[in-house]
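After this come two complexes, each holding chain A, first together with chain B and then together with chain C.
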Partner chain A sequence: MGDIFSSLGLVVVGIAAFAAVIGGLYWLASQLPEPWRERARTVVFLGPGLLLLLGLVLPALINFRLAFYDRNGDWYGFGNYRDIFTSSNNIEVLMNTLWWGILVTGASTVIGVVIARFADRMRGEPIAKAAIFLPTAISMVGAGIIWNFVYSPREYGLLNSMIGLLPGEQDIQFFLQDSKLLGIDNQWIPGLNSLLIMVVIIWIQAGFATVVISAALKGVPDDLVEAAKIDGATDRQAFFRVVLPYIKGTIITVVTTIVIAVLKIFDIIQTMGKGGSFGTSTMANEMYEQAFPQDNEGLGAAWAILLFLAVAPIIYVNARNQRAMRGAR
Partner chain B sequence: MSTLTMNNLQKKYPNGFVAVPGLDLHIDDGEFLVLVGPSGCGKSTVLRMVAGLEDISGGDLLIDDTRVNDKGPQERDIAMVFQSYALYPNMTVEGNIAFAMKLRKTDKGQIKQKVAEVAELLELTQVLDRKPGQLSGGQRQRVAMGRAIVREPKLFLMDEPLSNLDAKLRVQTRAEIAKLQRRLGVTTMYVTHDQVEAMTMGDRVAVLRRGVLMQCAAPSTLYESPDNLFVAQFIGSPSMNVVRGVVRSAGEEGIVLEVAGQSLALTGAAAQRMAGLAKYGGQEIAVGIRPEALGGDGEGQITVAVDLVEMLGSEKLVHASIDAVAVRAIDTGVEIGTGTSSTMIASLDPRRDVRVGERLTLSVDTMRVHAFDLQTGAAIGRS
Partner chain C sequence: MTTTADIPLIATPTAAKDETPVMTKVANYTNKGMGKYIVWAIAALWTVPTLGLLISSFRPEDDIKTTGWWTWFTEPGNVTIDNYTTVLQDKVAGRPFSEFFWNTLQIAIPGAIIPISVAALAAYALSWMHFKGRDTLSVFIVALMVVPLQMCLIPLLRYLFAASWFPNALSGTPSIWIAHSIFAMPLAIFLLKNFIGALPSEVIEAARVDGASHMSIFVKIVLPLSVPAIASLAIFQFLWVWNDLLVAKVFGGGAANQPMTYALVDMVGNKGNEWQLLTAGAFITMIVPLIVFLSLQRYFVRGLLAGSVKG
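On to the complex of A and B.
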């Protein structure tokens, strides 16, 4: 208890000190004669932001340099990158991340569209949407623990219990250790365990997608759909050819947001994939595993750079889409 | 081509509101019918029932003698122009016009050709590959028209298609639509709350009040022989002057009305067309005179006090007070004003010299005097 209060006190003092410093500087700046006053004010307000930016950019640059060294701190050139693209373990990590991006994003968005469409104007729509959105509020670690109960091989494992209800003697399944899919075990396709972990994130992200898409659907003018029907379109044709294109911008936002979240997927791999064991690792997980538990900072840094390169174009697409959406209004 | 028939068509909204209690209307093949009435009278409701966008609560809707109550909008083979135009924003002008044909899997070459024809007709050729967002209001309106006519439907339905245009463009487009409709000969139902549009465009005009048909006739008939006070005051701008009067005498030799303490004698043909007034001897009625019937020569006379003169160029509108109570058609029937005087408007020759404050004797064209029952608002005519 005392700890909390002292921390809270520190926070308050910190904020007050910050406000005092900025306020004081602002006051000083206001005393200056024009044209210096305006410039000084600009600096006072931009200063903290620039400092924070420095705190972001500097580590990024250091990280970039770090990626050229091996685990002993010796110059390694592009060796870390070469290792990533040549070792079959690492290719599995890359492929896993790719599958995550495709499957989770695809499934979440499609589920979002389907639920949003059929729940639209249904009775009890707000309740249904709240229920679907709820998982979004759960932390990934919490979700991991909940779903571990579902997949567990122990007697409380929900899925195993359900399988046990099938006729005949059923073997206990170790779902989260099953890196095969339909008997196939290679680095190009994800294992059953990866797919089962993806289900958890789909469960979370579909809620987000549903709520956002549902709001967009409400913004589609009724008479567009009516015009399409008069033009001879069935409900389905009107939806796919008029409504979906109308909310295209929102769909792109949803897709890019989920892709970015999923490419950086980490905590759920830690809690459900046992830190990326049994072929479940992903880029963000590997970045952490190499840099800290494995003590290979160079390799971890290289993963970080690759992750950045993977996310950057998506952020670009997202930004351009946002601008296009604004332009359309 | 096609006809449209409504037999006792009814609409009750889910909240219990009866928007249309029962409408009988028939539109002939190739006819341009305008549905007009004040805001909220149910025009859009009727149109949307015809389009299939609104469920029909009762009665029959027939297109070409086939009952279509239970058919969806897709199966009715109609085209509609919305007030908002409802253009598909993600498609080009060409895509918008071609959409219906694409859905019907019409041959590609044929689509191209038809779109080109329509674009030519509506002067859209230059903008075929633009998106609706990049068009002017007038162009959007024409695209909406193009989308309708390209299909060669059985019926055109239009819901206030001009209300988003500025005044000048509206007048121009109004004429263009009327011309186009006559040229294509497609049966058309056109909704507007603007009586000028109704009068200028329609072969016939149906006037609606609270979902009830008040009169359906050719524009000139509506103007010259309105069936009731509501139509009389709705059609025409400025609207008909209606005040309370008394039937002093009505017989073989003629009719004498008393308006504002002045008597107005109707003789000959003017009396014959109001023979029905015989039953109202000694009673109060509503007397209606259009502003135009106060401007020229006429056998009757009425003296008024000039309050305001508006010079419009082509005419001079004189607002004058007269010692008679105004009568007005309202939503629920007839409303008799309070007080003892009311304002009349006369449309005079712009060259005539009229001063504010002067007492002016206006001549009344007795052939254009109307009488209405004070209780029901029904016009009193020959019988």
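On to the complex of A and C.
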């Protein structure tokens, strides 16, 4: 394994095997007499999908049960949930996740609106937007490395070099290690390390927000804005009172999408927060850390349930909103 | 819905482009003046971190470690591709980094093709085959989008992929394919059913009357007509799998099956100051997504939007 031929060989074999199984089953189904033939064909079409979905439904149900057991596999009742809400470490994790949801979503959406508004019909608009959108394609792990480089305490760390340009004697900052926001150590406010990692996700998500909002802005009828201006609205009023309400559905899509992505943030904490050290852990990261490295499946499962409870309503809102928008079109 | 047999998207940039050449009819609520400077400032700010890494990846090791990459503009130093050749040979968990590149490819291609094929078959069945409980089943599948994949990790590992009865032939890379397929299923079925279900029924019915079987309708009519939806979904899923760390880490077993994201995290942990390796390594992982991004931006945006409800 590990070279192009064996890789692509496995790929071809895997896909061919899949096609052969489906084709073979369909052929078998076609040999049956009616009315069985039609039913069997339906099973061949639907079966693989349902089988995979079973791999989603059963584990999700089992997960509810697992969350009632402790690390030794003994019955623990609601103990895991109690541990989550009473330990100050875990409260920090919950608060971090909350701050992630608020700050990253807020900042990304606002930047998206600002860029979409000012770049609209600007010369060089596609280039500027592509530059802002590009980070969306990069993996969180790659993004983590890019920003570790920016935050480095060494000579090549861009942020420290810029701090060094400030007047007066400046200390080197050891970002992402044990730095605190203004020296404050408090579980209710996000630590400097978390804020620095949030910047990275804002960097990624703002591009998404920009592209989506920008597309929506271009769909706002010119007449609508003109009518508002004839009625005496200023540019600013026209934007905030006419254009923004018009694209409300899109804004909801953007906000819910970013919230969902952010609540499940994991990779970047692994790369930049060294697996959640230095007060950077979030719910999804804690779920992984507890279940796998710490080998406490019950607690990991409980974190997963909390994540589900947090994400499910937002996905519901998102899906309903998309459906409403499709209906309106 | 009119004729828009489309993925549920808001206007796409390309769709919008067709409508806006009326530049002269300026209904311009945009401030002239400061606005464009803000845009360019942010665009520049957004580019700097990536640019810094790109430049650094072509600088010799000593230069990277002693001076900032920005000094390269004022006193252009040496340019080298040594970092790239070195990192490809560099051992991560006892394996050369290049091996992880092939692993990623080997995970990502079937990791996109399998779930989309399965979902397309299911979407066809849910749209055009008649059986009892079809609509209830469709609603149930869509509702499954709310299950975050994190909820399934532990039970899937314990009762399926790490269970004693699980066939050895499917462990490692195939396990990652299966896991990605499982997690992709609700969204993929949802999107493809929206599209395939909206195809004109006259076409399908006419083919049925002519005696075409479901499989030939699916292969000869439905698949070709669904190319836009499948392309967007495929790009989203491919990049999702390509950039994934969590699923591979949990289900992939040892380092032999792991993708580049795993190797990079390992390098950050063990060789955090070896920037000549990290910069080049990070860029190698980004090459494919960037090519996809730059060449297929239109589908990329649609895919991203369509995938926004992924659980």
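Heads up, the rule we're going with is that the second predicted complex is superposed on the first by the 310 of 329 C-alpha atoms of A that agree within 3 Å, B and C clash if a C-alpha of one lies under 4 Å from a C-alpha of the other, contacts with A are read in each partner's own complex, and residues count from 1 in each chain.
The rule is short, and it goes like this: a residue touches a chain if its C-beta (ideal position, glycine included) is under 8 Å from a C-beta of that chain, and two chains touch if they have at least 3 such contacts.
Everything quoted here is computed from the prediction, not taken from an experiment.
After superposition on chain A, the partners chain B and chain C are seen to fit next to each other with no clash. Once the two complexes are laid over each other on the shared chain, residue contacts for A:Ala20 go to neither chain B nor chain C. In the superposed pair of complexes, A:Leu32 makes contact with neither chain B nor chain C.
Of the two partner chains placed by the overlay, only chain B lies in contact with A:Pro245; chain C stays clear of it.
The partner that reaches more residues of chain A, of the two candidates chain B and chain C, is C. In the superposed pair of complexes, A:Gly49 makes contact with chain C only, with no contact to chain B. Superposing both complexes on chain A places the Cα centres of chain B and chain C at an angle of 80° as seen from the Cα centre of chain A, in steps of 10. Contact with both chain B and chain C is seen for A:Asp223 once the two complexes are overlaid on the shared chain. When both complexes are overlaid on chain A, the residue A:Gly232 reaches chain B alone and has no touch with chain C.
The superposed arrangement places chain B and chain C with a least CA-CA distance of 7 Å. Of the residues of chain A, those at positions 223, 226, 229, 242 touch chain B in one of the two structures and chain C in the other.
In the complex of the two chains, the chain A residues touching chain B come out as 221, 223-224, 226-234, 237, 241-242, 245-246, 248, 328. Against chain A, in their complex, chain B makes its touches with residues 51-53, 72-74, 78-80, 82, 84, 86-91, 99-100, 103-104, 133, 147, 151.
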